[in-house]
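For reference, chains read A, B, C and D in written order, and residue numbers begin at 1 within each chain.
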Amino acid sequence: MADPMRIRANMTGDKVEVKVLMAHEMETGLRRDAGGNAIPAHFIRNVSVTYGGKTVLSAQWGTSVSRNPFLHFRFNGGKPGEKVMITWLDNKGEKRTDEAVIAGGG
Amino acid sequence: MRIDRVLAGVLAATLPCLSPAQQDTQKEIERYRQMLQESNPAELYEARGEELWKTRRGPRNASLERCDLGLGPGVVKGAYVRLPRYFADTGRVQDLESRLGTCMVTLQGFTPEEAGRKPFSGTGAPMITTDPFSGVGQRSVMTDLVAWIASESRGMTIAPSVSHPKERLAYQAGERLFYYRAGPYDFGCVTCHGEEGKRIRLQNLPKMTNAKDAQRAFGTWPGYRVSEGELRSMQWRMWECVRQMRFPELEFASDASIALITYLAKQAEGGTFDAPAIKR
Amino acid sequence: MQPKMIPALALALCGIWVAGCATRPSDSETERAVAEMIKASFKTRGQATVARLNQDDAQALCSKHAGELPKDVSDGIEKAQQATIRYPSSGKLMGDWREGERIAQSGVGKQFTDAPTRPAGGSCYNCHQLSKQELSFGTIGPSLYQFGKQRGASEAIQKYTYGKIYNSQASTACSNMPRFGHNGVLTEEQITHLVALLLDHDSPVNK
Amino acid sequence: MDARRREVLKTGGGVLALAAAAGIIRPGEALAQEWNKAAFETKSVAETVKALGGRGSTPSSAIEITAPDIAENGAVVPIAVESKLPRTQALAILIEKNPNTLSADFEIPAGTDPFVSTRVKMGETSNVYALVIADGKYFHAVKEIKVTIGGCGG
C-alpha cells in the first residue's frame, strides 16, 4: 500500500495555501536496473483536490514529474478547521486518498 | 540514473556559448538550492521511520521502542548528535546505523546478516539492488529509521562522545583513514576535503579539518538527494565517497566507516544539527 | 606550517581531550587499528579488489606526510615518478582534441560500478576549468583555460603536458591529480587526445 | 459506503463523476479515463498544444514562470507558473527537449488561483513552456533552463 501524503493546508489571508508531498517512484520507464533490465514505468497520472465536495484542483501528470512529487497551489473560500481531501491515481491503478485540516492564519 | 547521467553528459557538450560569468552560475545554483528548501521529501521517510520504530517486526515480533541509542532505552530525542559512541554491551564504538543493527538483532531477533547487510522491506516488495541502502523500487527500513531518529536531533548541538579510550582510538584511526591515499586514482578523503573553497564540477566541497565546513557537512546528513530521489544516510555518504575514490567496497557499519564518521563528528563538534536536509 | 607553531598546536590539540593527552592512544596502537580496519572493513567488489588498498611508495609517503612534505621526501618521490613516464612509441604526442574533450568530460572508470571493459574517462572537468563553454567545472586543480594559447605547442611543451597527465607526481610530489598513465587509468593514446585538447590551436580550450 | 469513499466519488466532476456515483464505474476508473494519453505522448510543443485542443498559442507577458536559470540537477527542477490572464481555465508545463514534451496539466476551477508550483525532471537544457488556456484561448510563456552535469563518477 502506498504511503500517506504529507499535506499542509494553511490560511493565508482569505486563501487556503496547500502544499503536498506524495511518496511515489514516478518511474519513467526509460531507466535500467543494475542487471540491465528496463524498469517499467510507474507514475501518478491523476491528482484531484476537493474541498467541501467541490473540486478545487485537478491535474494530469506524465512521467517527468519528479520522484516524490511536490504540489503547491491556492484556492479561495476555504475555512480553518475544514478539510481538504487529495487523491492520486497511478498508471497501475494504485490509489491513495489523504485529507488535512486547514490550519488558521500564519 | 545512468540514463540521466548520459543525457546530462550529452548536454554538457552542447551547451550554448552564452557563458554567463562564473559568479552568475554560482548565484543561480544557490537560487536553485534555495528553491529546493521549500519542501523536503525527507519528511516522507521520517514519517515511515517513526512508524517503524513502533512496529513489531522480526522473529521476536518486537518493536525497537526499547532500543538504547546511547541515552538510555527508548530515548530518541537528541540521540543522533551524541553518536558515534562506545557501547559497553557490544564493546564497540557504534554510529546510529550500526546501533540500530544491534537492536534489530537483540530486540527483534534478526540475524546480524539480516540486520546489517540487507535492507528490510516492510511491504515485502522485491529488491533490485543488494546494497544496504534504499534504491529503485526498494525501501530500506534502516534508512527510514535513520531519517526519523536524525530528525529528532534537529536544532541540537553536535556533541559526540570522545571520553572512552575506544572512542579516542576510533577518532584517531578515522583521522588516519581520512589521509589514507590508495587505489588507481591515488585518492584519499583528503584529496577533495583537504582545502577550503574547492568544488567538484559545481558542487562545493567541505574542508573537513575546518570546523565551520565540517559542522555544515555533518549537520546536513542524512539528506534527501534530489539526484537520486532518495534519502541518504551518513553510512551511505561514506560508502559512496569511497566508491568514487575507486576503493573496494566499504562494508556497511564496518569499523572503518564508523571511525571515519567519528572523526567527522568530532570535527563538527559544536555545530548545529539540521538534518535530514535536501541536497543535489 | 612554521616549525615554531607546532608545540602550540599540539597543546591546543591536547585541550580537546577531556581526559588529557596521557590517555590518547599511542601512534602504534592507532596504526594497528588502522591496519586492522583496512583488512576487515573493505571487500572486493567487481574490478575494485582489496589489493587496491595496498599502497605503493608514493601513496604511503603522501599519506604519512600529509600537510607537511619534507623537501627530501618530495624530491625522492618526483625522481622516482619521473622514471616511470613512457612516451608513445609512435612519437606522436598530439591526438585529436575532439576526442580529448569527450575524455575530459567523462568521470567514469575503475569504480566497482563501472564495466571493466569500458574505457575510463579523464574526469578533467571534475577539477579543472578547460573550455569556456562548460560551466560545470571543478576547482581542485587550476584553470586550464587557454593553456596552449599561453604556452604554445612546441615539442618541449607537448612532452611536459603528456608527462604531467601520465604521472603528475613526476613534477609535483603528492599532487591531488591521479597518475593517469602510470596507474593504467588512461591509455597512451587517450593521453595524446588530452594533450591536443590542451594545446591544439583549434581546441575550445584555446579560444 | 463510508464517508471517505463518498467524498472521493465526488472528485471526478462532470459526466464521469455521475457514472461513478451511480456505481457504473469505480472511482479509480473514473479518474483513469480522464488521462489524456495522446497529449502525454507528444514530442513537440506544437503537437502538445494540438493534443490539448488548441490550434496554436500566443505568447503572453501575463504568464509568469518562476524557475532557476540553472538547475544543479535535472531530476528535480522547481517550476511555478502563474497566470494573470482573466478566466484562466488550465495551466500546463511543457519541456521541449524531454522525450515526451508534456509534463503536467492542471485544470483550474473558478475560485482557485491560476497558480501552481511543482517539480519536474529535465533530461537536458531546454526551453520550458507554460501553456495557459484562458477564456477558451491558448497562450504561453517560455523560459530556458540549463541543466548542469554534477558529481564526480559519471
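Quick notes
By definition in this document, a contact is a pair of C-beta atoms (placed from the backbone, for glycine too) under 8 Å apart; a residue touches a chain by one contact, two chains touch by 3 or more.
Every value quoted in this text rests on a predicted model; they were computed, and no experiment measured them.
The interface holding more C-beta pairs in contact, when C-D is weighed against B-C, is B-C. One finds 47 Å separating the Cα centroids of subunit C and subunit D. In terms of their C-alpha centroids, the spacing between subunit B and subunit C amounts to 26 Å. Between subunit B and subunit D the centroid-to-centroid distance comes to 35 Å (mean Cα coordinates, whole Å). Averaging Cα coordinates per chain places subunit A and subunit D 13 Å apart. The set of subunit C residues touching two or more other chains comprises 105, 111, 113, 125-126, 135-136, 138. Residue numbers of subunit D whose C-beta contacts span two or more other chains: 70, 75-76, 117, 121, 146, 148-154. Residue positions 4, 9, 12, 15-16, 25, 38, 192, 200-202, 226, 229, 243-244 of subunit B each touch two or more of the other chains. Of all possible chain pairs, those that touch are A-B, A-D, B-C, B-D, C-D. Every residue of subunit C that touches subunit B in the complex is listed here, in rising order: 16-19, 23-25, 29-31, 33-34, 36-38, 40-45, 48-50, 52-55, 58-59, 62-63, 66, 101-102, 105-106, 110-113, 125-127, 132-140, 169, 176, 178-179, 183-185. By the touch rule above, subunit B contacts subunit D in their complex via residues 4-5, 7-12, 14-16, 25, 28-29, 31-33, 35-36, 38, 192, 200-203, 226-229, 243-244, 280. Interface residues of subunit D, counted against subunit A in their complex, comprise 4, 7-8, 10-13, 27-28, 31-32, 34-36, 39-40, 75-77, 80, 95, 98-100, 102-109, 111-113, 115-122.
For subunit C in complex with subunit D, the touching residues are 105, 107-108, 111, 113, 123, 125-126, 135-136, 138. In the complex of the two chains, the subunit B residues touching subunit A come out as 1-4, 38-39, 41, 43-44, 47-48, 123, 128-129, 136-137, 226, 229.
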